[in-house]
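For reference, the structures are reproduced in the following blocks.
Two complexes are shown next, each including subunit A; its partner changes from subunit B in the first to subunit C in the second.
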Partner chain A sequence: MPATAKPKNAPLKEWLRRASKLSPYLWILPALTVYGIFKLYPLVSGLQMSLLRWDGIEEPRYIGLRNFQRILSDEMTATVLMNNVHYAVGTVVGKIVLSLFLAILLHQALRGRTFYRTSLFMPVVMSFVVVGVLWSWLFNPQFGLINSLLRGLGLDFLVQDWLGDAAVALNSLILVDIWKWYGFHMVIFLAGLQSIPDELYEAARIDGASVWQQFLHVTLPMLHPVMIVNVTISVMGAFNVFDIPFIMTAGGPANATNVMALHIYIRGFKFYRFGFSAALSYVLLVIVTLVAAIQLKLMTSGDNTD
Partner chain B sequence: MSAAQFSRQAAKRQGVYWRPLLVKVFNHSILILFTVIIVYPVLWMILASFKTPGELISNIWGLPASPAYQNYADAWEKARLGRALLNSGIVSIGAVLLVVCLSSIAGYAFAKFSFRFSTVILLVFVFTMQAPVPIIPFYVLFVRLKLTDSYLGLILAIASGTIPLSIFIFQAFFRSIPNELREAAKIDGCSEFSAFLRVVMPISGPAVATVSILTFVGAWNEYFMPLLLIRSDELRPLTLTIQVFFLQFGRAEWNVIFATLSIASIPMIVIYVLLQRWFIRGLTSGSIKG
Partner chain C sequence: MSNKLSRREFLKAAASAGTVAITAASQVSHLPVLGQGDYQGDFVVMSAGEASQQADFIARLEEEFPGVKVVWRSLTSERYTELFAAAEIAGDQIDIMDLNGQDLRRYAVGGRLKDLSNVDYLDRFRPIGLETYSIGGSLWAIPNGGISGFPFFYNQKALDAVGFEGEPESYRELLDMADDLKAAGYAPFTHSGLNIYLWPVWQFWAYAQTSGNRPVEGTFDVLTGNTKFTDPEHLAGLEILQAYTDDGMFVDGVNSMDVPAAELSLTSGNAAFWYHWGGWVGTYRMGDFPELDLSFVNPLRSVDDEMVKRQLPGGTGWATGIYSRIAPEREELAWAILDFWTTDEMVALRNAVYADAVSTNIGVQPSDDPLSIRYGEISAPNQFVYLDWYWPPEITRAFQEQQQGIVAKTVTASQAAENIQGVLDELYADGYEFEF
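== the complex of A and B ==
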């Protein structure tokens, strides 16, 4: 790659050669500096903070692994984590099933495809604040659209206090999350469907495969790469979710919608337990990493057996 | 879908010729149902922004008797939306400029030069870009650098999150540009950097657009970073302004809230509908290759 100059001045040539070897690093340096300082550094520097008892103002005190011991023995940790798991199962299953179903329908319905795609994708460009505030009114028990619709349809037994009832609230938030993202996942599935060659379906039809068999033995295996993408995105989203519960329920009622990211924020900035909050962040980090690794392992190991 | 096959299938089902039509009707009705589920609440929000508080309760489904424009005046004044729009605009455009500059230059290096540790650095990006940042050390860092409560701090906070993906998008795009172009520019006397700036960047519109849209929409809608870093009222972006306003007045003045929500989302929705191809490509570019 370095340009070959005539060997006239050996030291200069040597210097130029070294400089041109360094120059790629100069190109990446600005981006790397910003990423290193504001993303990588906090990932590391928090480790030391997680060993402190610190309110952010007074002199911090070193307490070893006490924060982690407390997290493991705290019942709240289990409650909050179970909410995350519940949220993950609900949103992932909901988003994947619904968006795959719609993508298959849209793949066939040629007329109006742009209209459907544009409309269904729209909530992606809306802020979670707008979506969250809007839906907290739609969920209003007396005047909200949802209960009004259910009453109108004569489905009074389904009418409930969507955000105020601890047994329902988390599922209501899951519905909002699915609402915001199903169009997004549908577009990704659609791109996957469009990349499947028609010949595969023709061959399957000649072999006498039914529509359902074609779905099972052609569509699903061919969609495997986009399936991994869609599941990974929604799983990561579910374990990092903050905006929806913070805006719509603030974790209530009675911690029914409290999730890890919210718990970390509340411990840190409402109770000023900086050390404990930092330790919680690493627990979340480990869980997210494990979940991602297990999920990728499960989904890619299927490749060999198929 | 040859004609022969079609007739064979039809014959198999003993002359059920209306079956394809039925499938079509089924497909469209399901798609319309789920489109209405998305679009109706947003349209309803816009309608509700023209209702009086009384109508919000008594007339849930209908049109407002006469549009209450006052809601928008109230929203503009009470929530100080003008200032909030300005703040969101500054931060979003700032983030776009910073991310496009830094990640195009870095992406070019990863695409065109071979150097030690390039794979290692890319792997560090892959493994850390999705990791949730521990907010306490993140916040303490911004306090120590005196970057809380400033546009620059917010821009850096948002940009640092999107840099890796943007580098990957630029890298993939630059790989597709033939090396001859760059060599020709260098023969004409351009340095490596001016070849990049004057020859490569002008034909990189698609990658710039993708990264810009991704960063702009993310920054415009970002809620958590301002919540963490912005203290003074004057610097609040739109998202934080709406949430604070919602907590202060929301329970009593829902009609004004709907006006705020409409002002916050309609411009973005209009731009999105006009440029939908670009937006959908940009916002899914992390997930779909190419």
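== the complex of A and C ==
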């Protein structure tokens, strides 16, 4: 056999070499396909739809950016956005404070700690419909537990028309949202707490730090990355909220609980303005992205990434 | 012996067989006017109704049309629009559209239904159903199911407790007994105010009175731009709601009451009146409510003119029609199925499912319940079609929001009327045209 002759199986080896370069892409192809069909395609076709006037019956008509212009001139846009901001402030503060407090409490060596952790996590796994119906009854002004309890304790001045009073209804929904999700954030904080080395607390104690000082100067700084995750998730959740207002108030009374996602739904599936609704969805996407970016920037501005 | 038939023998046999077949067919009174053609296979119904509730109905259809499998797609009323659009875009098979009456206008005007004006069995149905499902002089769907609406339910025990004798007729009477009712532990009126969708019915009955019993004509006038929602007769309807609010007629926290809560306030003896759908009689009969002796009247007269009739809003059953783009090979079958679907026998099945008081079909008496019979006698003749079957959805939503606002005292009736007219003006500016 001449020395220069190629081995017989050289093409096969070459093919295998090339295939091995492709294999990572082949492995992720199924996930990419699913992502493309269910995420990317709707995202692109939604943008296309936002430039149309379409009621689901007549032929779609291209109208350029008119849907976006209308969003700016629609008074309801400001109303629902302000409701979203109110909702975000209420839920983010409420969820973060409550979940952090509970996480610290359940990080201690308590008897029955697992039971408490599981119990407090329960609302997270409950369906929105169940939560909505449950709280609608708790808030019921006639038969509800909350007003009955307040009356029983002699706190009649605190009795409210929880879902029927335009000044109170959104705060009532914020309360429900906090109750539904604090367990989720609590678990994330717990994971963060468990990763803080005991030596730091030990050193702080040796230096004479009080419990409060330990919390302020050890726990909080060490929880910073986890805090960013929790705040980001709850801010995005607050701007995308739909289920609780939809189930409990349908946006009422008199739009007091109408939020952007519900507004999109009503414009699309009640008024049959699918193009306008798609445009609103893109506005919401931009708002959520901006808010999340600003919040991340603010929260990470002092970080030393090295 | 030869097995061959001569031509003469074959013709004689064929003629005999034909005669027998024709005679047999004539004995079966409910045989469809048209045959099912050659089609056998799936036949798709896009319905707002639940398939599980139609099991007997579907089985009977399949029995009548051998070889046809009825595929009942339950789109539900709330999601009909989006799911129907999705099915259409995907090119799914669609044969029959079984709609809630409120959606008929959208699909009739949008050209998705065949014109049914020339079917020859219209004498089966009460005229109000046919009138309701006619748009632009053509019939687009066959009414089938129950005729029902929203009367004022009341607890006779509450009226007895305050010594009220006879049947309440006017708002003045309710106002006069209100303090006594409250003293006896009854709120004068409960309503499912949390359910935003249940507010427009208040405007329907009130406007029927303030318009001098011209609710539908008046609605056509306002939707074609000849009148405005700020005009006195419309405003007066909203002012009636404001009067109920200002006079303290509603149960505390009415905007927080969902349907079960409002139901509970009536059944537990905490409220005297309840404005709700007449079909609730079925729930009352099946339940055990010791604090409740149920009766109802048509909406109380709330205008000064005693000649005004106390009308109530209602619907006229399912609106069932043939999809205009049905495949040619199934069209003959669809006509035959629609005919059979709306026979007395089949409509009685649907009436039974929903415990209807009055049937769309003249030949069906669905219930012998005294309250159902009473509905047929005093309410059905005074019923007019829910006005939001004509309103564009933006106006329906505007009424829902503004009426809740009146009850929550965040807007006055006149502000509400202006806001609603503002929505209509925007629609006009956007090219809206009402077709009737």
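Keep this in mind: the second predicted complex is superposed on the first by the 295 of 306 C-alpha atoms of A that agree within 3 Å, B and C clash if a C-alpha of one lies under 4 Å from a C-alpha of the other, contacts with A are read in each partner's own complex, and residues count from 1 in each chain.
The rule we apply is simple: a residue touches a chain if its C-beta (ideal position, glycine included) is under 8 Å from a C-beta of that chain, and two chains touch if they have at least 3 such contacts.
Since we're looking at a predicted model, the values are computed, not measured.
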Chain touching more of subunit A, residue-wise (subunit B, subunit C): B
Which of subunit B and subunit C A:G164 touches, first, second, both or neither: second
Touching partner for A:F271 - first (subunit B), second (subunit C), both, neither: second
First, second, both or neither for A:L43, with subunit B first and subunit C second: first
First, second, both or neither for A:W137, with subunit B first and subunit C second: both
First, second, both or neither for A:S281, with subunit B first and subunit C second: first
Subunit B versus subunit C as contact partner of A:G251, first or second or both or neither: second
Subunit B versus subunit C as contact partner of A:V34, first or second or both or neither: first
First (subunit B), second (subunit C), both or neither touched by A:A261: first
Where subunit A meets both subunit C and subunit B, residue numbers: 56, 137, 142-143, 268-269
Complex contact set, residues of subunit C against subunit A: 79, 81-82, 84-85, 106-107, 110-112, 193-197, 251-258, 261, 264-265, 270, 392-394, 397, 400-402, 404-405, 407-408, 410-411
Subunit A residues touching subunit C - in the complex, by the definition given at the top: 55-58, 136-137, 139-143, 161-166, 248-255, 266, 268-272
Residues of subunit B that touch subunit A when the two form their complex: 5, 23-24, 27-28, 30-31, 34-35, 37-39, 41-42, 44-45, 48, 56-57, 60-61, 98, 101-103, 105-106, 108-110, 113-115, 118, 121, 124-125, 128, 130-141, 156-157, 159-161, 163-164, 167, 192, 217, 220-221, 223-224, 228, 238-240, 242-243, 246, 250, 254, 257-258, 261, 264-265, 268-269, 272-273, 276, 279-280, 283-284, 287-288
Subunit B partner contacts - residues on subunit A that touch it in the complex: 1, 21, 23-25, 27-28, 30-32, 34-35, 37-43, 45-46, 49-50, 56, 98, 101-102, 105-106, 108-109, 112, 114-130, 133-135, 137-138, 142-143, 145, 148, 179, 182-184, 187-188, 191, 202, 205, 226, 229-230, 233, 236, 239-240, 242-243, 247, 261, 264-265, 268-269, 274-275, 277-278, 281-282, 284-285, 288-289, 292
